[in-house]
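Mind looking over this structure? Questions follow.
In order of appearance the chains are A, B, C and D, and numbering begins at 1 in each one.
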Amino acid sequence: MAIKVEKIIVNQYKKPKLNSPILIGGLPGIGNIGKIAAEYLIEKLKMQKMIDIFSQYLPPQVFIGDDSTTFLVRNSLYYKKFPGKKDLMILVGDFQGTTQEGQYEMSYNVLEIARKYSVSMVYTLGGYSIGKIIESPRILGAVTSVDLKQSLIDNGVVFPKGEPGGGIVGSAGVMLGLAKELFSMKGACLMGETSGYFADPKGAREMLKVLCSILGIEIDLTDIEERSKQIEQITEKMQEEVQGKNQPKEDLGYFR
Amino acid sequence: MAIKVEKIIVNQYKKPKLNSPILIGGLPGIGNIGKIAAEYLIEKLKMQKMIDIFSQYLPPQVFIGDDSTTFLVRNSLYYKKFPGKKDLMILVGDFQGTTQEGQYEMSYNVLEIARKYSVSMVYTLGGYSIGKIIESPRILGAVTSVDLKQSLIDNGVVFPKGEPGGGIVGSAGVMLGLAKELFSMKGACLMGETSGYFADPKGAREMLKVLCSILGIEIDLTDIEERSKQIEQITEKMQEEVQGKNQPKEDLGYFR
Amino acid sequence: MAIKVEKIIVNQYKKPKLNSPILIGGLPGIGNIGKIAAEYLIEKLKMQKMIDIFSQYLPPQVFIGDDSTTFLVRNSLYYKKFPGKKDLMILVGDFQGTTQEGQYEMSYNVLEIARKYSVSMVYTLGGYSIGKIIESPRILGAVTSVDLKQSLIDNGVVFPKGEPGGGIVGSAGVMLGLAKELFSMKGACLMGETSGYFADPKGAREMLKVLCSILGIEIDLTDIEERSKQIEQITEKMQEEVQGKNQPKEDLGYFR
Amino acid sequence: MAIKVEKIIVNQYKKPKLNSPILIGGLPGIGNIGKIAAEYLIEKLKMQKMIDIFSQYLPPQVFIGDDSTTFLVRNSLYYKKFPGKKDLMILVGDFQGTTQEGQYEMSYNVLEIARKYSVSMVYTLGGYSIGKIIESPRILGAVTSVDLKQSLIDNGVVFPKGEPGGGIVGSAGVMLGLAKELFSMKGACLMGETSGYFADPKGAREMLKVLCSILGIEIDLTDIEERSKQIEQITEKMQEEVQGKNQPKEDLGYFR
């Protein structure tokens, strides 16, 4: 007797009719820029969960909530309808696939779902580690085809030559690569500059501004501004202590 | 010519009719609390083996018995009928699945079997490492739904807020997570406090008291009391030697 | 377009009719005892190759021969008919499966072949590392059932209680475990004592004596005696050099 | 709901009719000899891409081009027709398969394609690391059968006994091994001597000379000569600086 187990299991709770939705991928990554921005959008737009994805490519783990209930780690898809405009789907999750195989399979799986909903455009969100804290993080872009650049530039994305070097590793890269090569979908990766030393709401805030501009929507940014300020105060305090030890102000590399 | 090999092979020796059985998962883990308690129950209740599970997710190894016979490493399911009450199934084994994939597949596989037997409730047993030796280990709980808490509290389980932090990794967590999300089964994880430094019969003894209360059964705890005392004497002796070296009494971290 | 590749591919060159053959497994391992003994038997008995096994579980590698031709790494099965007696099959190879999964699949695959040929008994050969060089290595045994012990003892195998501790890891163990649990075949593991520091013809020579006794055959041991003597001279010389450095005579651990 | 994802996906853009083509494998490896030579041939012969191969066995990564467009990592097959002669197919790529399994599956997959095009001969290109910089790197050979040696020798390949020791690991080896054992194809591995410390156009230049001789074609080697000279100047300068530090001239091991 042998039992066959699927590597990825998709639990679909809602089957909305969506109009050429835009898909945003916001899984954990550098500075957690993508995850923070995506979860903020879901909260402020009061988006609804349509799908949970459980998988062997995620750690074998449950989280325990404040009420002592268990929560199996997962990726989830949320949606919101924008009557008269393109609708919105957002992918968030506790982890990216933990292996090379998992990276490909998880991304492919989400794109299969996206194809069923006739997704018209994929944005993946990521962080770009620059190794120091800066005042005004930029949002860098990479695109599946050149014609996508101008409208992104108009919305505040920058395309500095040679940045980021080496390419994009992980979900934010693979989803774009597979979207282009195997799904004939267009897409762009948006990367918020971050020190890379901690979860970075400041980079996420800049990401949210760009995303709202791209999507033509407005959301309340007060909460993320507040979190950004708190982080700023903490890092300023750390820097002051560092100053006494004669370190250049912006260099916090040793906090890693 | 190619031969297809299954990743998990289930050998079923007995096919009892069981009444809404309770399933207890007691695989090796922190302090081996779960394994010690589960094997003690099997022995004292004279439970019968119904299934052996062999798998590529377990180490490629045989043990050699005192009579020089080989024993392929495995997980096993035992059962006992309690006329007029819910019956009992217990999972024990030599190892947990050794990979992330193995963790998910082995747990899924056991739950498939559980579904066939209409298992009504899953308890997974684990240890909660607190890094020091204590007199009275508590049994902490986590549940698949809030309504399960009160009856567990009545049987001696505690639910301190924020404990254990970070969630539950491995079989004790994944079985609960999959039970809830994919099998619509209810479950709870019981975690015995332990130093985590060695196989800990004292934590297992407290676990057994709670389990007997939950199951409404009585078993002879003399043997596990005896083993707990032996361990206590050994650790006390170690602590005395440590005292001479000016260490705080309860801290045995360096024995790891 | 997608191409499905098998994980194990079996190339069968000859399809002999065999009479309840005995299968000997002699893959590389501790001290290479099993491999040396098995290859020596194949050479001296002029056995014929019937099957090559190629696999993703073996390293991605070819060897280059003295004539500059490439040789893809493999496992191979040889056979010899003994009219009026049980015939003989021997498994040899360049590597064991390199992963846990590979260990199980490769062993299962060989046992599937064995089943087709109605193999009556499986002997796996291995080494038992004792960490020092000794004069007369013993051949330790482990069996799938107690009734096999006496005849092995009569042929020179020893079954010291508690040795070897911890069990048997790898092909020599898994083949026996699967043979017993999933194929209802009987088997024994023969382990030659060895320092474990280098390929050890002396242990292999003792293994060959026991095997010939078990199989009721005679082979010319001159060549393996010669190789044993050469190794003895080399290790004696190394020990003499060590003596000058005040090391106990038998301890060569640092040559590892 | 579960989605099955293929481990290797082949995108075929052109389906040329080819005449018993010769297949050359030039994936990245030691000194990148094979990759540099293969890409140079593709460029100078203005070969056309027929197939892209995407796979879970390659890193989960996109590169970003100068125009900010993403490029999913891949292996690719190019072809060129030589009227009246055997046609040519060349395999190049960003990476070899990153796991043992990937090495076998990727190679098997390419050979499946080769079989469909009735490939008559497979040359795999590699580097042979000799740990020092030399003036005139040789091209060493290994063959699937002895009868292939003489014509290779006539074209400048050498077959020194015992070189290279240990065999050929990776794509250049596995493709030959599988070609011989499972596809009944003939093949040879050509290995350019290289220090192994950096991408080595000098070894690739010598490889190209031998390949042109074997294929009976002529290509413009000016560009690779130029790159070889640049590398020579850089390494000479490094060596001069080293000289001042009393190092033997050819030893650049510490640049690794």
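Please note the rule applied: a residue touches a chain if its C-beta (ideal position, glycine included) is under 8 Å from a C-beta of that chain, and two chains touch if they have at least 3 such contacts.
Since the model is a prediction, treat every value here as computed from it, not as a measurement.
Asker: For chain A and chain D, what is the smallest step count along a path of chains that touch one another?
Answerer: Minimal hop count between chain A and chain D: 1.
Asker: At the chain A/chain B interface, shared numbers over all numbers used: above half (same) or below half (different)?
Answerer: different
Asker: Once chain B is fitted to chain C on CA atoms, what angle does the rotation have, in steps of 5 degrees?
Answerer: Here the rotation carrying chain B onto chain C measures out at 90 degrees.
Asker: Let me spell it out: compute each chain's centre from its C-alpha atoms, then which one is farthest from chain A's centre?
Answerer: With centres defined by C-alpha atoms, farthest from chain A sits C.
Asker: Can you give the whole-Å distance between the Cα centres of chain C and chain D?
Answerer: The answer is 38 Å.
Asker: Quick one: chain B and chain D, Cα centre-to-centre, how many Å?
Answerer: Centres of chain B and chain D (C-alpha means) sit 53 Å apart.
Asker: Could you list which residues of chain A touch at least two other chains?
Answerer: Within chain A, the residues that touch at least two other chains are 7, 9, 11.
Asker: If two chains touch, include that pair; go through all of them.
Answerer: A-B, A-D, B-C, C-D
Asker: For the complex, which residues does chain D have touching chain A?
Answerer: On the chain D side, the touching residues are 1-3, 5, 7, 9, 11, 52, 54-64, 66-73, 98-99.
Asker: Within their complex, state which residues of chain D touch chain C.
Answerer: My answer: residues 6-12, 100-101, 103-105, 107-109, 112, 141-146, 149, 159, 161-162, 164-171, 173-174, 176-178, 180-182, 189.
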